[in-house]
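Each of the next two complexes has chain A plus one more chain, namely chain B in the first and chain C in the second.
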Partner chain A sequence: MTRAKTTETTANVGRVLRLDSSRVTFAKTLVVCGVLLLTLLLIVALMSLFGSEKLPARAALCALISFGKASCGLTADQDAILFDIRLPRILLGAAVGGSLAVAGASYQSLLRNPLAEPYLLGISNGAAVGTMIALVFMGAQEWSRPLLAFSGALAATFVVYRLAQGRTGATPERLILAGVIVTTFLSSAIVFVTTLMDATRIRSFTFWLLGDLSGSTNKLLWLALFIAVAGTFVLAAHARSLNLLMLGERDAFDLGVEVSRVRLVVFIVASLLVGSSVASSGSVGYVGLVVPHLVRLSLGSDNRITVPAAAICGAIFVVVADTIARTVIAPRELPVGAITALIGAPLFVYLLRRR
Partner chain B sequence: MLEARDITVRYGPRPAVSGVSLTLAPHQVTAIIGPNGAGKSTMLRTLNGGLEPAAGELLLDGERLSSYSRRAIARRVAVVAQEADLRFPVTVFEFVLGGRYAWASTAGWGWETSRDVEITREVLRETQLELLSSRLMNELSGGERQRAVLARALATEAGVLLLDEPTANLDLAHQAAILALVRSRCNTRGAAALVVTHDINLAAEFSNQVLLMKDGRTVAFGRPEEVLTPEILKEVFAVRVLVDAHPVTGVPRITPVHEALR
Partner chain C sequence: MDSKAVCSPADACSFFAKEGRRDFLLKRQLTKPRSPKLSSPRRAVSFALCLGLLLSACSTRQNSTVNDASFHQITDEAGRNIKVPATVTRFISLAPSITEIVFAIGAGEGLVGRTTFCNYPPEAAKVEAVGDTLKPSIERIIALRPQVVFVSTASQLEAFTTELDAHNIAVYVTDSHDLDGVFRSIERISDLLGRRPQADELLKQLRGRVAAVEDKVKPQPPVRVFYQVSDEPLYTIGRDAFITDLLKRVGGISVTADVPGAWPKYSAESALAARPDAIILPTGGSMGDANSNVAAPLKRSPAVANHRVYKVNEDHLSRPGPRSVDGLEELARALHPEVFSK
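Right, the complex of A and B next:
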C-alpha cells in the first residue's frame, strides 16, 4: 500500500518535472526558467564575493539580501565596493550576457543558421562604430551612445542580410562571409575614428572594444537591464513564429506567419539588445553562439523555451566569465571579451566542422 | 472553394503564367501537369498568396484572396511543398504541430491548446507516424518525412490542399500512401486538392480534372480522358505517346514511345 503510493507519487513528480519529454509546455518552460533564475541570483550573490578585495562572505550575503539596508558588519569601504562597484558591474554583465545570447538565439532561428551571432555577423562592430562616433563627436550627451549604437547595429544587420541573399537564397556560409566583410570594413572605420582620439583615451578604448564591463555608467546599466528584459519578452512572444521560420521562410509563410513583419521585429529588437550592450561594454564576442548552442543541446530547439532560457544562461555565462576576467590576474584585469572568445572560438570551429 | 480567373504572374517582364483559370471544388482532385518551366509551381504558389498575380482574380470562398489575413488564408489553404531542409533538430510531433500555428488565438507566446494536441495526434495516427512522433525529423526516411510534411498540412484542417510534387523521389508504395491520404481527405471531409506532378499516369488515375500547361498557358483543362490524348500530349511534350485504357481501372494509361533509345 505504502509502496504503491510512493510509486504513484514518484510518477506524479515525474509527470510534473518531465524535463526530458519531447514536447515543450508552458509548465515546463516556467519550471526551467524558474530554476535558471534562481541559479542566476545565486551566481550573482556568489560572484560578488570574489575580487581583488576579499569580502567576508556571511556579512556580504546578509547585506545583499537586505538590499544594503542593514550593514551586517561590513565596513563603509566594503559596503561601497559591494554596492557601488561590484554589484553594478555584475548586473551589467547579466544584462549584456542576456541581451547577446537572446539576440543570437533569435538570429539563428530567423536566419536558419546555427552560426549566426551578433559579433561574428559584424553587428556588434556596427554598434561599436556608432558608439565611437557618439563618443568622439557628441561626448557630452550620454544618450547619444546607445542611440547611435542601436542605429549602427541596425544598419549592419540590414547590410549583412542583403549581402547574404544570393540568387539561390542565403546559405550559412554566405552569411558568415557577409559578416566577415562587414566586420573588416567596420574595423577599419573603427581604426580611423580611433586616430581622431587623444592618446590617453586610446588604451581604455581598445580595452572597451574587446568587451569590458568596467567602464559603464549607472544610466547605461539601467538602460541595458531594461532593454535586456523587455527585449527577451518581445522575442519570446514571437517564439512560435521563429519555430516555423527555423524550418524555412516559405514554409512559415504557408503556415500563416507574417514573415516580413516578424523579421523586422527581430532585427529591430536584436539591434536594440546588441546596441545597448555594446554602448555600455563594447563587443563581447561569442556569447550569442555558445549559450544558445548549449541551451538547445539540453532543452531542444523550441524557441518558446530556448529564447528565455538563453537569456538567463547568457547572463550567468557573462557574469562568471567577467568574474574570471577580473580575478585571474588581479589586481590587473582582462577584458571579459577575451574570456568569452577563448571559450567561444573553439566551439565555433567545432560547429563549422560538424556541418 | 478556390477560384482563379485569368491569372497572370510575372517574374520581371516575362510572364511565368498568363491567363490561366482554374476552379478547385470540394471532393475534387485537380492535377496540373506540363513540361519543366510550364509555370505549374508558380500557379500553385499564387493560389495561397505566395506570389502576387499581375492580373486576374483569386476568390477564396467567394471573397477576394487579398482581403484575408495571412493566418486566415493558412487556416483555409494548406501547402505541401517539396521537402524542406532542416538545420535544427525538430521532433516529428513539433513539426506537425506547426500546422496549428494559424489557429492560435493570439500572436503571443502561442501555447497550443489541448485541441491542437488532439488534432496533431489524430493526423499522426492517420499518417501512421504516431510511433515516430518523438523521433527527430532528420532521422526519418524520405518517405516518412514526406508523410510528416503532409501530416502538417492536414493538421491545418484547411479545406484546400495544394501539393507541389508530393510524390517526387518516393517509391511506389509511399507514392500510393501519400495519394491515398489526400484522396481520403477529399472524400470524407470534402476537401479540394490540387497536385502539381510530372507523373501523367498518376494524374490520370488520381484526379478528377487535369490542367495541362505549357509556357505559362493553359493547353487543355478538363476530365483526364479529355485532356490526356495522344495528340495533345505529343504537341506539349514533343514525345510520341501511346494512350490506352488501364487494364484494371480503365483510366487513360500513357506510355511514351522513345524510338531513339533503342
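Right, the complex of A and C next:
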C-alpha cells in the first residue's frame, strides 16, 4: 500500500514537473524570463505607437528610447499624449495583467485546481466591493481604495477557503462551488450598492466593473507596479513549495513544506496583487485563468518557470488587449475586460486542442 | 379590436347576474324548508344589493375598458403603433423631461405616477413615485390604472410594453434628438392630453426665446466646445445627443460632434488633442457637486488656460423639455459673454 502510494507519488512528480523531458535549472529560468521580458519591452514600445490619436512613429520611438529627454520633433501635445496618457496606461495594463496572471498561477498550484482564478473564486469581487465602499464612503481619501480592495480580496479568499474545507479536506469541486457562492453573493452586494447610488455615478461604475484602465491616477499606477513586481518575486521564491503542494498538502508536508505558512503567504500576496489591480482598474476577467494555462501548455508546469513567466505573459496579454480596447472604435473606448475574454477564450481552446 | 379584448360590459353583467341568480336559487332551495318567511326578503334584498354592486362595477369599468369608438390609433415618436383613448385623464411619466412637459402644458393634474428623478416642478413631488426611469415598479404602475404611460428610453421596452398591453395601458415613447424634436414632442403630448392651445402658447414663447438667442449669437465666430458629461471615466456627448444640437444653435461647435452614439466614453488622448476653446461642465441640480472638475487630459487645453470653463445646470441640459431653453440660454451666455453682458 505504502509502496504503491510512493510509486504513484513519484509518477505524479514526474508527470507534474515533467522532469523526464526537461530539467528546470536556474539558468533556464533566467533565459526564459529574459526572452519574455525583452518581448514585453518590445510590445510596450510597439503598443505605445497605437492610439486614438496618430503620432509620428519614428519621432515617438525616438522619444521613448530617450525616455522623453529628447523631443525628437514631437509637439508638446503629442509629448503629453505619449508620456502622460498612453505610457502610464500601458504600464498600468502591464501591472494589472502581471498581478492577475501570477495570482492565478499560484492559486492553481496551491489549491490544486485548474479553475482557481481570482475572478472565478470571487476574490476580484471581494476587492471590487472593497473599492466600491471606499469610493462611496471615503471618496476623498485616495489611499482607501487599494487598502479596502486588499481587505476585501483577503476576506473573500479566507471565506472561500473556509467554505471549501469539508471533513475530507478541500476538493476541487467544493472549492469552485464555494467560489461560485461567494462570487454571486458579492455580485448581488454590488448590484445592491449601485441601486442605492444616484444615477450619475452608476454609469461610471458599470464601466469600471468590466475592467477599465483609463481612470487611474499616477499614485495608484506606481503602487500597482510595485506590488506586481514585488509580489511576483515573493511568489517565485515560493515556487519550489508550490511545486510540492501540487501533490497535495499532506504529501507536501511530508516532503518538508511548511504548508500553513506557504498558504498564508500566497493568500496575502495574491490578495495584495488582486486588490491593487482591482483598485486601479476594476475587475479584468480571464487573465488569471487563461495566461497561466497558456504558459503551462508551452513551458511545462514547473512553478519556478511558470510563476515568473505567467507574470510577464499576463502583462503582455493585457497590454495588447487594452491597445485593441482603446483603438478599435476610437475615439470611443471599450472596457478591456471584454477584449481579454474575447481573445483569451479562442486562444485557449486552440492551444488545448493542438496538444 | 380582437375578440378577447371586447368583453362588452353588458355581457359581463348578464353573466354575473345569471351566475348570481342560479346561486341564489340553489341556496333558496336548500334553506327554504327551514325558515321560509325570514330568509326570503332578506335574500331578495341582498340579491338586489349584489346586482346593484355588479352593475355599478360594470358601469365604472365601462370608462376604462376598450371601446372602439373612444380609441384611436397613433404612431409614437419611436414609430410604434399604439391605441390611446380619445380623452386621457390618467397617465404616468417615466422620465423627468416628460414630467416637466406635462406640467408646462397644464396637464399636471392627470399625472398619477412619476419617477424618483422627477423633481421639477415642485408640484411633481405630490405625485406618487413608481421607481426610477430604468427600474419602474410595474405592479405599482398597473395599480395606478393609467391609460397611457410615457417613456423616454427604449430600454427594456419589449417586456415592459407586453406587460402593460395586457392591461390595456398604452406606452408612448418620446424620442427627441434635437430642439425641434423636443418641440414636436411637446405638441404630440399635448394632442394626446387635449392641451394643444396651452402647448401652442408655450411653444410660441419658447420659440421666441430661442430665436432671440440665435439672432444674438449668429454674427459671432463659432466656439469649439468640449462637453464633459463625467470626468472619471471620461464621457462626452456624441452625434446623437440632443445637446450637440443645442451647442450648434448657440454658436458653438462640439469637438465630439462626429462621434457615433449619444453618450460615448471618450479617449483621453483624443480629448487632449481636441484642444477645445471652452469646456462645459454640466453639474449641480440632481448631480450635486459631481463632475465639477475638468478631467486631467483637458487641463492643457486653451479653455483652461483662458479660464473658459463653465458650469451649467445639468437638469436643464440632460432633460429634453421646456427647460432646455433655459439651458440653451445658459450655454449662449457662457460661449458668447460679449453679446450678453450688455
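One rule holds in what follows: the second predicted complex is superposed on the first by the 320 of 355 C-alpha atoms of A that agree within 3 Å, B and C clash if a C-alpha of one lies under 4 Å from a C-alpha of the other, contacts with A are read in each partner's own complex, and residues count from 1 in each chain.
Rule of thumb we're sticking to: a residue touches a chain if its C-beta (ideal position, glycine included) is under 8 Å from a C-beta of that chain, and two chains touch if they have at least 3 such contacts.
As the structure is a computational prediction, the values presented were derived from the model and not from experiment.
Thinking of the overlay built on chain A, is A:57 touched by chain B (first), by chain C (second), by both, or by neither?
A:57 contacts neither chain B nor chain C.
Does chain B (first) or chain C (second) touch A:254, or do both, or does neither?
After superposing on A, A:254 lies in contact with chain B but is clear of chain C.
Once the shared chain is lined up, is A:243 touching chain B (first), chain C (second), both, or neither of them?
After superposing on A, A:243 lies in contact with chain B but is clear of chain C.
Now for A:296: first (chain B), second (chain C), both, or neither, which partner does it touch?
first
On the A-aligned overlay, A:80 touches which partner chain: chain B = first, chain C = second, or both, or neither?
second
Taking the superposition as given, does A:328 touch the first partner, chain B, the second, chain C, both, or neither?
In the superposed model, A:328 contacts neither chain B nor chain C.
With both complexes superposed on chain A, which partner does A:26 reach: first (chain B), second (chain C), both or neither?
A:26 contacts chain B only, not chain C.
Give one of first, second, both or neither to describe whether A:349 is in contact with chain B, with chain C, with both, or with none.
neither
Give one of first, second, both or neither to describe whether A:230 is in contact with chain B, with chain C, with both, or with none.
It touches nothing on chain B or chain C.
Considering the complex alone, what residue numbers of chain B touch chain A?
It comes out as residues 48, 50, 70-71, 73-75, 78-79, 81, 84-91, 93-95, 98-99, 101-102, 104, 107-111, 133-134, 152, 156.
Show me the residue ranges of chain C that touch chain A in the complex, using the header's touch definition.
Touch residues, chain C against chain A: 117, 132-133, 135, 230, 232-235, 238, 256, 259-261, 263-270, 272-273, 275, 286-288, 290-291, 297, 300.
Within the complex, which stretch of chain A touches chain C?
Residues 51-53, 76-77, 80-81, 84-86, 89, 195, 198-201, 203-204, 207-208, 212, 214-215, 326, 330-333 of chain A touch chain C in their complex.
So in the complex, which bits of chain A are touching chain B?
22-26, 109, 112-114, 172, 236-241, 243-244, 246-248, 250-251, 253-258, 296, 300-302, 304
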